[in-house]
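Here chain A shows up in two complexes: once beside chain B, once beside chain C.
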Partner chain A sequence: MITGTGITKTFSRRGGVLGGREVPALRGVDFAIEKGGAASFIGESGCGKTTLGRILAGLESHDSGEITIDGVPMSSLTPRRRQPYFRRVQLVHQDPYSALNPTRTIHQTLSAPLSLRARQMERAGTGRPRSWIGERAEELLSLVGLDPGYVLPRYPHQLSGGMRQRVVIARALTVDPEVLVADEAVSMIDVSLRLGILALLKDLRDRLGVSVLFITHDVATARYIGTDGELYVIYRGQVVERGPVETVISAPVHPYTQALLSAIPVLHGLETPGEQRVVPTEALDASRHDRGCLFAPRCPFRTARCESERPVLGHDGGTPQEHACFHPEARTVVAVPVSHS
Partner chain B sequence: MSVTVVPAAGASATVRRNFWRGVWRVMRRKPSRMVGAAIVAGFALMGIFGPLLYPDPLPRDTQALYAPPSWRHPFGTDFEGTDVLALVVTGARYVLLTAAVTAVITVVLGTAIGLFSGFKRGRWDSVLMRLTDMKLTIPGLPLLLVLSTIWKFTGAIEMGLVLGLLGWGGVARAVRSQTLSLRERGFIEAARGLGLSTGHIVGRELLPSMAPYIAMNTLIAVTGAVYAQVGLFFLGVLPFEANNWGVMLNLAVFGGGALTTTAALPYLLAPLLAILLLTLGIVLVVDAMDEIFNPRLREE
Partner chain C sequence: MAAEQSSEQSSDRSSAPGVRIRGLSVVYRTGAGELPAVSGIDLDLPPGTITGVVGESGSGKSTLALSLLNAVQPPGRIAAGSVEIDGLGDVAALHGDGLRRARGRHIGYVFQAAQNSLNPLKTVGGQLLDLGRSHGMGRSHGPDDLRGLVREARGLLDRMGLDGARVLDSYQHELSGGMRQRVGIMLALVLNARVVVLDEPTTALDMITQATILRIIREVHEERGLTTLVITHDLGVVAEVADNLAVMYGGRLVEQGPTGEVLGDPRHPYTRGLLAAIPRLAGDIGEARALPGRPPTLDSVPADGCVFRERCALRMEVCETGRVPVVSWGSRTAVCHAVQGAREDVKQTVTAGTVTAGTAIADMGEEQA
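On to the complex of A and B.
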């Protein structure tokens, strides 16, 4: 169980003579990932979802807020003590081409963390024979659907993108993680191979009880991974809508979620677009706008209140999901199949 | 599924064997590389065994000063009747030993400082890079001239030490910039996320990716060191107690008047030819470095 409360992160850019510029990446994000559960963060590029994944994997620090792993608040530990906790969260990178060292064979790539693991277990008194490393590497590769005999002696460039992403997942599994953070894990893989990777992640959840945190801009993949999980819609570093995946997709109440869902391409002739599709009034956000609701400049439903006051996440208006909007209204925006009657 | 059990101990040996087989394949790909390797190997042998072939001191033939090339003296003789070829061969040891020492110091120091600085960043980076900048602004030749007034570079190792300590700046800068770009790559981040030690990350993940680069710099440092010391000896700032190609050039030009008469021309050309040949060999070998250390290019 991993929870986060009020996570903030601001990147400051050194701006030379004209002074620095502060870019808030996360503005007080709360989340919870159950053991063996699934959560999906969706949002457009630059909304902070990747930063959140990196903070969880311990690759980035956060400015304020608290992350609790298995009931242990991270702020109470020294950085050195924190490391074993963050190791339970493994990041699966977006780009399987740069995630594997081109100068090392898959065998070398997998045995480095495995020998570290073997040493840890030895210290814990559960020593393993020397042959364990090799056996475990083969076991993990089989688990992710690869032929160890073929893959182990090869270099990354000799494998396809899909195979590499499977190797990356196998490497993440070497340290027996509790959470896999899949950051756009399929966006750089051939469309024909995507479903295989998604099915693998789903399978790992069922078989190993690994929780999956899925970070994506694609609603369809988020839905595939976490049908029973939570969906977080993030806009400019703030969670604007949060609830069970099916609820949020079928009856979104925040205009940003509605805009995101309206943007899914429709198979014309087979589907009809949702009747109340929402199109943002401006294509790009005015990032300087920091008062009131962050989405207000682009929102077609904005009122005077939206521009002066910032809404907070809650169940206002009696919606089943949480949202951050003053005027929540469920709209049908996703496409429905054409009825042949 | 085919069961191929890869024993942990045997695997690294297999990788090593595959590496050398790959090196052989890369070298064979272009005949020029084989020629280059042969030249470099030839010079190395000359440096190690050359002086053993000739008596010390070298015999003089006072009947044949500045003799023209002949079967007995392929490059003629010098001002005191010593065979020029013998001088080139025996002089190789000093030149090549200096070059090797320079290359090792340049690359080890440059790589270590560049890696540390790029990987640690922050305060250490600033301190080390300001030091490097300072070092880069010191002009090498004038400093060497000043140093030679108080220090007689009779030993090749001292010479190499000085040249090496003067030359690591460029390598340090370049390695640092490579490190900075590599450390943001996914595989380095993954290694950190997996909790692998800094030693492992730097030694096993970063360094191999920079190997072609470092190897090239080593070879180029060799040619640079040859030019630098031969130049110093040619200018006559250093004593000619040591037998050296630079001393030969100096004596041919200023003693034998090789630029105005043809008598000492072979005496001038022999060391020049040796330098040219060595440089050519190194340039031809450098061409193969990228393919040797990149597993993708190493294949058929």
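On to the complex of A and C.
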């Protein structure tokens, strides 16, 4: 189990047109991912969701807050001792075209981490025969739905985007991770192939007990990874709504979540639009203020209080999910299927 | 939205040009000879409508879009067919100065990743003036027409919710993705083109920005009386903006018709599979089904028979070779043996006639199952 408490991260930008200034990427984010569980972070680009994923994978430091892995606080360990923990968290990012070394065959790509793994196991007294590396590579490729005989001798450019993303997932699995952080993992994949990758991630949860942290702007894909999962809606570095996926989608209470869900295209003819769709009053670029509720300048429901005071995450108003809004009200915003007669 | 809007509300619409694409084929020269990226496309863009072309990578949708500008670059070339635009003639037959004038003045193009297609070293205004000069402004008639151009550009940007004057003074890196996309649309429209092609207009934009851009596309289309073609991989984008939907696969059009009808009652197995593969926000998520196999590439598109058969659950012997029948009923078309079979089974009147090169057209009348 991985938890995060009060994670903050601020990037400082020097020079440029914005002048030197601090950009808060994460403002005290709490989260928890159970073993084999699923958590999805959704929000617009720049909301901090990618930064959070990178911090979890040990690729980025955070300024304050604590991450614990299996109850061990990471701040209590030296960087060297932290490493094996962070290795349990593997990142699968958006672009399968740049994630693989173009000069290496898939066999080479998978063998490198596997031989490292073999040496580790040897040190731990659970040594494997030499043939293990090749067998494991084949096993992992089969697990992600690829034909090892076809894929192993090939270079990345000889594979389609969908196949490459599966190879990237297989590579992440070489170190037996407990958590896969999938950052927009299907957004560059053809529509007809996306579901295959999503089904694979779901399957890894079921079969291997791998937890999936799914970072996306496409809420519906988050739903596919696991209706039993938790959804975190992040706005400008703050979690503004958090709860079971189905609850947050069908009865969101934060106006930002409502705006995000309302913006999802409706398949007219197949679906009818939600009745209470919410449209922000301003574009994102027009709202760089840090007073009160971060969403207030764009919020159609804001009051004077929202401009001066910042709401914190909680169950105010007795909502089943947590939210950071002074005026929580469940609205029906997502499209519903046209009923077939 | 798209489905609900009446198609005759704008007074300007009557003057919008129509576009007729007939028998269009584009081939690319490769080591293995010339391979077709687009084959035998027949598509009408009725005046004043938005048509959405949906396809995955390698479907030929971007090649089709470039053909409207006659801008297919070597090693590609238009091998057959015509693109007739009202008031302009066959674009595929244009070249040299005539073609250059047509681009911009008649046909506006918003490029894929317009967010990144601006010159980073020049302000938006600077690029606008370049565009004007390349169309002969500011030379014979003095700077007046350039001033008019800037006025027009500022008006368009203001209309799209931006501070036009400020944007014209900005460099690309000072603008967000959604703002750059609007600049791309402005540059496509500023010379008063009435036919507009948008290639993946919202890719890489956030959901809320995407919704804003789609609304702007729809509104500007109405106000200026345009004939618009939107190319995308995202059925949702088409569903939001397009009056008509055309689905491409392996370089061919496999299904087309009014957007709401096609989405509500898809007939081609590919359209059905694609829709089933999109996870939705309501209903049983378990009903989402992946489409097996993967889309063909230029060198793996079958030269004969149905291009989709490899992935099709309804594959039959007849799909392996020969031409696939174009089945039409009402304002819809599907290119599929199984669709033809299904319609014959329900005993509808079939007035089959043989048209070009053995393509059987079965007119099924207006009736729908």
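The rule is short, and it goes like this: the second predicted complex is superposed on the first by the 329 of 341 C-alpha atoms of A that agree within 3 Å, B and C clash if a C-alpha of one lies under 4 Å from a C-alpha of the other, contacts with A are read in each partner's own complex, and residues count from 1 in each chain.
As a working rule, contacts are C-beta pairs under 8 Å (C-beta built on N, C-alpha and C of every residue); 3 or more make two chains touch, one makes a residue touch a chain.
All figures in this text were calculated on a predicted structure; none of them were measured in a lab.
Three-chain overlay on chain A, with chain B and chain C fitting side by side and no clash.
With both structures placed on the common chain, the touch criterion links A:Q108 to chain B but leaves chain C unconnected. In the superposed pair of complexes, A:T78 makes contact with neither chain B nor chain C. In the superposed pair of complexes, A:T126 makes contact with neither chain B nor chain C.
Of the two partner chains, chain C is the only one touched by A:L261; chain B is not. Of the two partner chains, chain C is the only one that A:V334 touches; chain B does not reach it. After the chain A superposition, the centres of chain B and chain C are separated by 80° when viewed from the C-alpha centre of chain A, nearest 10. Taking every C-alpha atom of chain B against every C-alpha atom of chain C, the smallest gap after superposition is 9 Å. Counting contacts by the rule stated earlier, no residue of chain A appears in both its interface with chain B and its interface with chain C. Residues 57-59, 83-84, 86-87, 90-91, 93, 95, 98-105, 107-108, 111-113, 116, 130-131, 133-134, 138, 142, 147-150, 152-153, 155, 157, 168, 171-172, 174-175 of chain A touch chain B in their complex. Those residues of chain C whose C-beta lies close enough to touch chain A in the complex are 1-4, 56-57, 161, 173-174, 176-179, 206-212, 214, 233-237, 239-240, 259-265, 273-275, 277-283, 285, 288-291, 294-295, 297, 311. Interface residues of chain A facing chain C in the complex, by the touch rule stated above, are 17, 44-45, 160-163, 190-196, 198-199, 217-221, 223-224, 227, 249-250, 259-271, 279-280, 283-285, 334-338. Chain B makes touch with chain A in their complex at residues 1-8, 11, 14-15, 185-187, 189-196, 200, 204-205, 208-209, 211, 293-296.
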